[in-house]
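One structure, as structure tokens, below. Some questions next.
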């Protein structure tokens, strides 16, 4: 089956990201396809490229990137939720006249419409919230 | 009296930051002094320098900076809570071999000991949580 | 005397019970943010044991369009009154 | 059939009531994260109406040291079983 | 459950959170508006504290934090006209239909499962 | 309230959240350890879901998310020996003192206000 996940919890603050990544591994191991993870609400903080967790804790940002690299899962971040929270890629940073950026590929800032599209195009959409 | 605030909520996700800023204005208007706002847990996201909220919404990051500029209130961010969440100043970014930074003055990354110190040195410590 | 500050409503969160359990006979309770839902006449029964020591923040009632529904037993204070409550208390404890 | 997923325990949050209210006679409920506290024998009464359709995630019970306290009426599944539950359901709804 | 459906559609958005205290309500409404703009048929269910989103007389919050009330007025423009609230939830706050800023249909708790069954996708906020 | 204090000190840290589901417990324990390292006398109160922090047999979470159980073992090294839990809360999960990983004192709900009164500063997590 084709799956997508909606992640609404910030990394480390709640278990949402850990749970979503665990579920992602399990569904892939069962032969399903994970098309996309969409980050909304506080979930957009998962895209923070500077995350530097202690070495004995899971590196959630890198785990998302590995999911993309190994399985082609898209990592889409709601742009409206991201901008107000300071999660800007290079294009948005320059559009807002800011120096530097906090989000980079494979995370992509996209509109909320992508979430709606996903809801129609995949077989299962599962939400992980704080 | 001398006050300090402990902010534990992320901006925009919960009302915590709005409430804390409103309370800060009120206590200053009553002639009290606001020594410091300490950001812990998800509150560390208030320091995100790239925040770009819509123009018709309060700019919380800038409101904190104004508090510092006008009243000398220190803006201290728990470094351990900040690093795992990708909130790094220039020094921490270079220490972790990362390019760019997400936190800048007047926000300062400091140890949790500062919160404990504050609890002893101010007359009132009020917590705003999500 | 301790000022307890509660920002969750009894309609969806049980943290109000923990706040009440922690209160002495002279402590005060201030309802703020979504916590002001507990000040409505239809909800205030949850706070019976602190009648006379129960406060709610006017600005948060007002923003939610609920100022008219606030029970008469609740003392409504504005944010200036919130500061006064913290002045009068020895310390504050937040419940969330 | 809908799979409902609940991550808050009835000991501190009332969202379980909303989840239960939304369930049809054939829907299933999976307790995950802190939600697994509701699967303990001492707490499972809150979920009486969905007996036989109540699941709890083994890994989350295990991490909390609570696998031994889980009630016999609850069907314990691992994360692989979680995926199976989503396969078998037409759609999922998360309550938090 | 009755034999004719209460409401059916592509997306049911369940709003469980009160205005102002968190961004759940705003972000849930945004999702509903975008779905409608994409041509989906959208139903809203106001449940639990979420019914307060419908209360008349809401204002901006601290520091001018935007109210969600004006967003509700935009729903009709996006053809979102299927609005339900749980009767018990509204009553638990001492409010009646007259206290609402716009027209929505009260349903008993027992009708909720039917709403969920009638929609292809469900998002909770 | 009894005439002699249950416990007094500089800081009371109230832990209300269960392990793993959120970082509240971990961040609350960190605050307690730092305060103790700064020479303050620290008391911990495990209330509501927070009593589960004391349960024996906790493990790492998904992806190796660290357990807070080892941190509890460090409390004694920091001279944090004043540990209380609410008896009713522990009982509500069907647990008894024998199920705890370390020694803590059960108190009735009615004793909580005295604990708060006896400390200069209180932090809730």
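For clarity, chains are labelled A, B, C, D, E and F in written order, and residue numbers in each chain start from 1.
We adopt the following convention: a contact is a pair of C-beta atoms (placed from the backbone, for glycine too) under 8 Å apart; a residue touches a chain by one contact, two chains touch by 3 or more.
Fair warning: this is a prediction, and the values are worked out from it, not measured in the lab.
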(message) Strictly by the touch rule at the top, which chains does chain A share as contacts with chain F?
(response) B, D
(message) When I count C-beta pairs in contact, which pair ends up with more: B-C or C-F?
(response) B-C
(request) Would you mind pulling out the distance in Å between where the CA atoms of chain D average out and where those of chain E do? (result) 26
(request) For chain A and chain E, let me know how many angstrom lie between their CA-based centres, rounded off. (result) 27
(request) Measure off the straight-line distance from the CA centroid of chain B to the CA centroid of chain E, and report it in whole Å. (result) 34
(message) By the touch rule stated above, which residues of chain C touch at least two different other chains?
(response) 7, 11-12, 14-15, 33-34, 59, 91, 93-94, 96
(request) Would you please write down the residue numbers of chain F that are in contact with two or more other chains? (result) 16, 20-23, 48, 61-62, 65, 120-121, 124
(request) Spell out, as numbers or ranges, the residues of chain B touching 2 or more other chains. (result) 12-13, 15, 19, 22, 41, 57, 125, 127, 129-130
(request) Using the contact definition from the top, classify how the chains connect: line, ring, star, complete or other. (result) other
(request) Kindly provide every pair of chains that touch. (result) A-B, A-D, A-E, A-F, B-C, B-E, B-F, C-D, C-E, C-F, D-E, D-F
(request) Would you mind writing out the residues of chain C in touch with chain E in their complex? (result) 7, 9, 11-12, 33-34, 37, 40-43, 59-60, 62-66, 68-69
(message) For the complex, give me every residue of chain F touching chain D.
(response) 16-22, 48-49, 52, 55-62, 65, 67, 69, 91-95
(request) Flag every residue of chain A that touches chain D in the complex, lowest number first. (result) 1, 3, 8, 15-16, 19, 22-23, 25-27, 29-30, 32, 124-130
(request) Spell out the part of chain C that touches chain D in their complex, as residue ranges. (result) 11-15
(message) So in the complex, the part of chain C that touches chain B is made up of which residues?
(response) 5, 7, 32-34, 59, 79-80, 82-84, 86-87, 91-94, 96
